[in-house]
Amino acid sequence: MSTTVQQTPASDVPALATTVVTSWKAPIAFAAFTLIALLLAVFAPREGETGFRLSEAKDVIQITTITTPAMPTLWVVIVLLALATAYSVFIVASKRRVPLWLIVVFAVLFMVGFLTWAAAGATIPVVGLLFGSLSLAVPLIFGSLSGVLSERVGVINIAIEGQLLAGAFTAAVVASITGQPIAGLFAAMVAGMLVSFVLAAFSIKYFVDQVIVGVVLNVLVLGLTSFFYSQVLVPNAAQLNTPPRFDRLPIPVLSEIPIIGPVLFRQTLVVYLMYVAVALVYIGLFHTKWGLRLRAVGEHPQAADTVGIKVNRTRFWNVALAGAIAGLGGTFFTIGSGIAFNKEMTAGAGFIALAAVIFGQWDPIKATFAALLFGFASNLQNTLAVIGSPVPSEFMLMLPYVVTIFAVAGLVGKVRGPAAAGKPYIKS
Amino acid sequence: MKLELRGITKRFGSLVANDHIDLTVEAGEIHCLLGENGAGKSTLMNVLYGLYQADEGEVLLDDEVQHFAGPGDAMAAGIGMVHQHFMLIPVFTVAENVMLGHESTKAGGILDLASARAKVREISDRFGFDVDPDALVDDLPVGVQQRVEIIKALSRDARVLVFDEPTAVLTPQETDELMGIMRQLKESGTSIVFITHKLREVREVADRITVIRLGKVVGEASPTASNAELASLMVGRAVELTVHKDEPNLGEAALVVEGLTVIDPIGQLVVNDVSFTVRRGEILAVAGVQGNGQTELTEALLGLQPRITGSIAIDGIELSSASPRRILDAGVGFVPEDRNEDGLVGEFTITENLMLDRSNGAPFVRAGNIQRAALEQFAREKVSEFDVRTQGIDSKVRQLSGGNQQKVVLARELSRDLRLLVAAQPTRGVDVGSIEFIHKRIVETRDSGVPVVVVSTELDEVAALADRIMVMYRGRIVGIVPGDTPREVLGLMMAGEVPTEGAAA
Amino acid sequence: MSDPREPASGGADSREPDADVAIEEPGSVAATSTTTTTTAAARAAAPEVEPPSRWHTMLHQIATGNAIISVLAVILALIVGAIMIAFTDENVQKASVYFFARPGDTVVAVWQSVSGAYTALFQGSVYNFNRDTFAAGIRPLTETLTFATPLIAGGLGVGLAFRVGMFNIGGRGQMLIAASVAGWIGFGFDLPWGLHMLVALIGGLLGGALWAGIAGLLKARTGAHEVIVTIMLNYVAFYLVSWMLRTPGLLQAPGSSNPKTPAMKETAIFPALLGPQYNLHFGFILVVGATVLVWWILSRSSLGFKFRAVGENPNAARVAGINVKSMYVYAMLIAGALLGLAGVSQVLGTVTTGFTAGIDAGIGFDAITVALLGRSTPWGIFVAGILFGAFKAGGFSMQAAEGVPVEIVLVVQSLIVLFIAAPPLVRTIFRLPDPSRAAKRPRPIVTKEVKAK
C-alpha cells in the first residue's frame, strides 16, 4: 500500500480552533435583581424624599446635603437596571462575556436605588456610613490578608476566626497589664502566630487535612479563650481586662478632604497599619522575591522544590506570618475599640474574612474590597436601624453571606484558587 | 564536567528501586540511560538531583564526592534537570520561571525582571529557541515549555544536564529538533544524561548506553547495537513485539461517529469535526502524540464530555447526548487512560472495584442491597481468570502493581456483554508480562465480534494491535490508514502531514 | 481465597503453572525462550513476605492501630485539661507562691483541684456515688445519653457527608431550620398524640434536608465549594430564625416580646424513655435507628457503594456511570436530615419549653469533632457521641461543683480530635512503634474534587 505524504511544514498549523463558551448566569441574576427592585416599587412604595448628607458638622469644607424624591429616583434606577439587563442579554446572545464593569455599575445602581427607597423620609449620613463600614471592615481586611497569604503558599486557613479571637484576647490582657495598647498589638501578633504554628505543624508535618485542622483550631481557641475568660479574667477584670484604646490620629491636611478625609484619615493606628499591610502584601506578593517563591510553592510545590526552594519551610513561616497579620486584626475588637474582651466576641468575622478571600479571588486588593463590601453591608444595617428601615435588620445582616453564596456559585465567574492549596507536600 | 555515581542504592520500604548502581558520564558525552517504565531510572536521577537521599553510595563530580541535601545543592554543583513532567509554574511567565530560586533583586527585594528577561533572550538566542520571556507558560506549546526547562537549567550554568523522558510529549519532528539541541549542548562541553525507553532515539544520539532493569545495571552497550539487542537487555528476554493475531473477520459497521466536535471549558475545539466508522471484529487504533484530542475523543464516546456536537451511534442507536450510565448500559466497555484517576477506586477492594460500573441492578444489586455472596463469587472467578496476583479479593486495589490493576479494569469491562470496547493506553505503566496478556485479551475481544477502539501513543502498540490506524493531530483526523502502514509515514502524519493517497483504507 | 502462589485454576491463562522462576542472569537473557519468565519481573517487584504469626499481628495492630491512638489521644487531652485546671486554680496559685518553701502544698493543691474536677466530671456523666439509690446514682449516665442523642445524630450527618467527600460545616444552620420547622409544627398545630410527633419529626427532617440540599445542589450545579456555602448558610439560617423568633405570627410566643417560641404541645413531645424522673427521651431510640440506617446505607446498599466511590475517587465514579452530582445532592439531603434529627430532638426532647436562636447549642460544630473522632464510621460515631455526651453532662456538673468553666470541655474535645488526626504525634509522645506502612500518606478524609468538566 503506497502512502505518500504532503510535505507541509508542521509549524504552519495554526493553534487549536476555538469557540466561546457562554454563560447566562449574569443576565439571569441581573433580571432577578431588577425584578426585586420592581417589586419594591410596586408593592412597597414609600413616599417622601431621601437625603444624602455628605459632610459632618466639624468639617472645614462643608458640602450641602443632596435630597432626592424617593419614588421617582427608584423608578429611574429601575429603568437603568432594566437597560443594563437587556444589554447583558445582548452581550451573551452575541457570544461574548459580560464585562466586570457592567456588573459593578449594576451593583452600584441597585444599591443607590435600594438606599433611596429604604431611607425615604430620612437622611443618610454618608460619611458616618462609610466611616463605620471601614471600621467594621478592619478585622475582615486583616483576616482576609492572612487568608490570601496562607492560601497563596498552599495552606487553607479556616482558622482565621481563631487567630482573630486569640489576637483580641491577648491584646486585651497584655494591654490591660502594661497599660500600653502598642504592647497589646505585638502580643496579638504573637498570639495569632501561635495559632498558625499549630495549623502549620499539623498540616505540614503531620499531613492532617487543613480544613479539619482549621475548624478544630477555631473550637480550641474558642474553648481556651472562654475558659481563661471565665476562670481568670472575670475575677480579675480590673487588672486583666480593662484594655486602654488606641486614640484617633487625624492626619493633617488629608483629614480635611471632603468625604474621603473623615472616612480614611481620622482613624486609629490599627487602621493606618491596615493600609500599610494591604500595600505591603500586594507589592510583596507580586513584585518581590519573597512573593514569587511564596506563590510558586502554592501553585506547584514540586517545581519550587526542584529549584531549591524549601517548600515546607516556606509554607511554615508564611503561614506563621499570616497568623500574625490576623492576630493584628483581632486587636480591633478590644484595644482597637476600647472594649473589654468577652467570650466569642469575634462572632464569625473570621468566616466573613474567608469569604472575602474567595470573593476577592485570592488577590489582596480585591479581597480588601470584598471585605469593605461586607463591612458596608453590616454598617448599612446599623445605619438603617437608626433611621428606621422598612427592611428587618436580620436581612441586612444576612446580606454578606448571601452575596458570598452567589459569588462562589459562579456569579462572578469561575473562581480559581492557588493550584496546590490544601494539598500537603509529601516527598517520595 | 565528569559525573560518577558509585553504588547508589535507594529503597522504598521493601522495594529496592536502585540496587548498587554505578554510572560514569564523561565530560561532553551524551550518555543514555535505557530501561523500561519502572526500572528505576527516574529514581536514580532524583537521587542525583538531591530530591531523594540515597541509602547507600555516593555521587562524584570531577572526582569529588558531593553531598546533596536538596536540589539547591545539586544545582549549585552544576547539575541541571529537564523533568519528564515539566517543573514549570503555569501561571508564571517564562522569565519568572527561569529566575525562580535564584532571583536577582533590586533595592528593597523588588524583583529584577529586566535582567531575567535579558538572560532568557541571551540563552534563547544562543540556541535559536525563539522564546518570549514575557509569555505565560500555560499558553506555550509543550515543545516550547521544554525549551523553557532547558533555559532554566542553563541559566544556572548547568554543566551536567539530565533529560528525563523528554520525548514522551513531542512529535517526531520536535524530537529531532531536541536531538539537535542535545548535540549542540554537547559541543559546548555539557555532559548529558538522556533517560528514555525508546530505542530509536538512543541509537541516534547516544555516545554510550547503560541499561537498567529492576533497579540494577544489567549492561552497557554501544549505539551500534541492534534494536533487538537493546530491547532484550532492557526487558530481560527476547521480546516478541507483535501479538499473534489472525486476519480480522469483519462484520457490519457498529460504531459510527460523524462530525464529532468536543469543546473544552475555555472554548477550544479539542476534537474538531471527526468522523469514522469501526466494524464488528475490527480494531481501530488511534495514534498521535499525547494531547492531540485522543483523550477527549474517548471521553466523548463515553458521554464524559459535556460540550459536544455531532453524532455517535452504536449499532444504530444514537448515544451522543446519553449519560455515561446509559452508554455503559448500551454495552460500551471502557479502559481509561489513567486507571488510578478514572478507572479504579484505590481504597476499594478488588471485589468492590469489580462492581464499580454495575452499581445499579442485576447482577450485583437487588432492591438496593448489594448481593455480597454473588459478588464475591464473581470476584474470585475473575481474579483467577485474569491472573490477578493478589493476597485475596479483599485486598485494596491501591496495593496492586500497575499490571494487576489494569487486569482488574479489564476483567470488569470484559465481563459485560460488550457492543464496543474503548481502550485508552491499555498498557501504560504495565509490566511486560501483563502487556502481552492484555494485548491477547483485546485481540480475543475483537475476534469475538466486538468492535474495538484502542488509543495509544506508542507506535509499537499501535502496530501490534491495529487493523486500521487513525492518526490525530490538533483535534482533527489526519488520515485513516491500514494497520501495516510504515512507521515513517505514521510519524509524519503525527506531525499533521496529510497522506495524499491510501487514506480510504 | 486466591493465594497468589497457587496456580491459576482453569481459565484462559493457566499457561504458567510454575511462576516462581528466579530472575535470569542478565547475560543469558537474550537466549532464553519466551514462555516461562513472562511474569518474573512482576513477581520480583513485589517480593513475597513471610506472613507473621497471628498473635504478633494482633499485638502489632493494637500497638499501632487506630484504637490505641484514640485512647491515648483522649488521655493526652485530659492531661492538658488537667494542667489548665491546675494552673488556673486559686489554691494552686496560692500554694505556688511558697513553692520552694513547701513544694508539697502545691502538689496537694494540684491533686485536689484536678481530682476534684475530674471526679465531678465522672460523677456528672456516669455514676454518682453520693446518691443513696441506684436509680438516683445512675441518673448522670442517662444525662450523658440525653446529651449524646443530638451529638450522634449530628455526627452521623457530618460523617456521612465525609464519606462522600464533602465537609458539612453547616450543621448549625441545618439544626436551626429543622428545629424551627419541627417546633412550629409542635406548638402551632393540634394533632392527636403520636401523629403530631411524627408530623413534627418529618417536618424537621425535611427542613434540615432541604437546607443542606442547597449546598449539595450548588456544589453539583456550579461547583461551589460546600465548605464555604455551608458556613454561609449557617449565618443565613441564624438570622432568618432570629427574625422569625422576634416576629409575632411566625415563631414568637404570643404576648411575649422575647425572641422565643411558646412551649411544645404535649402531643408532639418525645416520650421519656425511663419515666419522668430521667430526661432521656425517645430521641435516643431514633438515633440508634439512624445509626443502624447509616450503617446499612454505607456498608450494604447500592446507594452507599456509590457514595463511597464518589468520596474516594469522584473521577472513577463518574467514568463508571455513577451520577456524581446526584450523589452530592442525595448525600447532603441525608446529611441534612440527620442534622435535622439532632435539631428535632433538641426541641421535641430536650428543650420542650420553647426555644431561642441558641437551640443548636453548638452541636452543629461538635458534630464535626464527633464525626472525626468516630472516623466517619456509624458505630465509631455512636461511641464518640456518647463520649462527648459524657463530657457535656460531666462538664456542667464540674462547673457547678468545682467552678471549672464548662468551656474546658471544648478544649479537651478539640485536642482529642487534633491528636487523633496526627497519629505520629501521639506515637512520638508515647514512644510507640511505627507501623511498617508509615503514616506518610494518610488517607485524606475529605475534599477530593472532580476534574472541571
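In order of appearance the chains are A, B and C, and numbering begins at 1 in each one.
We take it that a contact is a pair of C-beta atoms (placed from the backbone, for glycine too) under 8 Å apart; a residue touches a chain by one contact, two chains touch by 3 or more.
What you see is a predicted model, and the numbers here were worked out from it, not measured in a lab.
Chemist: Between the chains shown, work out who touches whom and classify the graph as line, ring, star, complete or other.
Modeler: Its topology is that of a complete graph.
Chemist: Based on the averaged CA atom positions, which chain is farthest from subunit C?
Modeler: B
Chemist: Please tell me the distance, in whole Å, between the geometric centres of subunit A and subunit C computed from their C-alpha atoms.
Modeler: The answer is 31 Å.
Chemist: Centroid of subunit A to centroid of subunit B, CA atoms only: how many Å?
Modeler: Comparing mean C-alpha positions, subunit B is 43 Å from subunit A.
Chemist: Could you please state the distance in Å, as a whole number, between where the Cα atoms of subunit B are centred and where those of subunit C are centred?
Modeler: The mean C-alpha positions of subunit B and subunit C differ by 42 Å.
Chemist: For subunit C, give me the residues that contact two or more of the other chains.
Modeler: 452
Chemist: Subunit A: which residues touch two or more other chains?
Modeler: Residue numbers touching two or more other chains: none in subunit A.
Chemist: For subunit B, what residues touch not just one other chain but two or more?
Modeler: Those would be 265.
Chemist: Within their complex, state which residues of subunit B touch subunit C.
Modeler: Residues of subunit B touching subunit C: 13-15, 38, 213-214, 216, 218-219, 229, 232-233, 235-238, 240, 265, 302, 304-306, 323-325, 327-329, 334, 336, 341-348, 352, 355-357, 359-360, 365, 368-370, 372, 380, 383-387, 389-393, 401, 403-404, 431-434, 436-437, 441, 444.
Chemist: Which residues, counting only subunit C, touch subunit A once they are in their complex?
Modeler: Touching subunit A from subunit C are residues 84, 88, 167, 169, 218, 221-225, 227-229, 231-233, 235-236, 239-240, 242-243, 247, 365, 368-369, 372, 404-405, 407-415, 417-418, 421-422, 424-425, 439-442, 444-447, 452.
Chemist: Once bound in the complex, which stretches of subunit B touch subunit A?
Modeler: Against subunit A, the touching part of subunit B is residues 12, 46, 49, 51-52, 70-73, 75-76, 81, 83, 86-92, 96, 99-103, 105, 108-111, 152, 171, 173, 263, 265-270, 272, 307, 473-475, 481-482, 484-486, 489, 492-493, 495-502, 505.
Chemist: Would you pull the subunit A residues touching subunit C in the complex into a rising list?
Modeler: Residue positions touching the partner: 158, 198, 202, 206-209, 211-213, 215-217, 219-220, 222-224, 226-228, 230-232, 343, 348, 351, 354-355, 358, 392, 394-395, 397-398, 401-402, 404-405, 408-410, 414, 422, 426.
Chemist: For subunit C, which residues are in contact with subunit B within the complex?
Modeler: 1-4, 8-13, 23-24, 26-27, 29-32, 34, 37-47, 49, 300-303, 305-306, 308-309, 312-313, 315-323, 436-437, 443, 452-453
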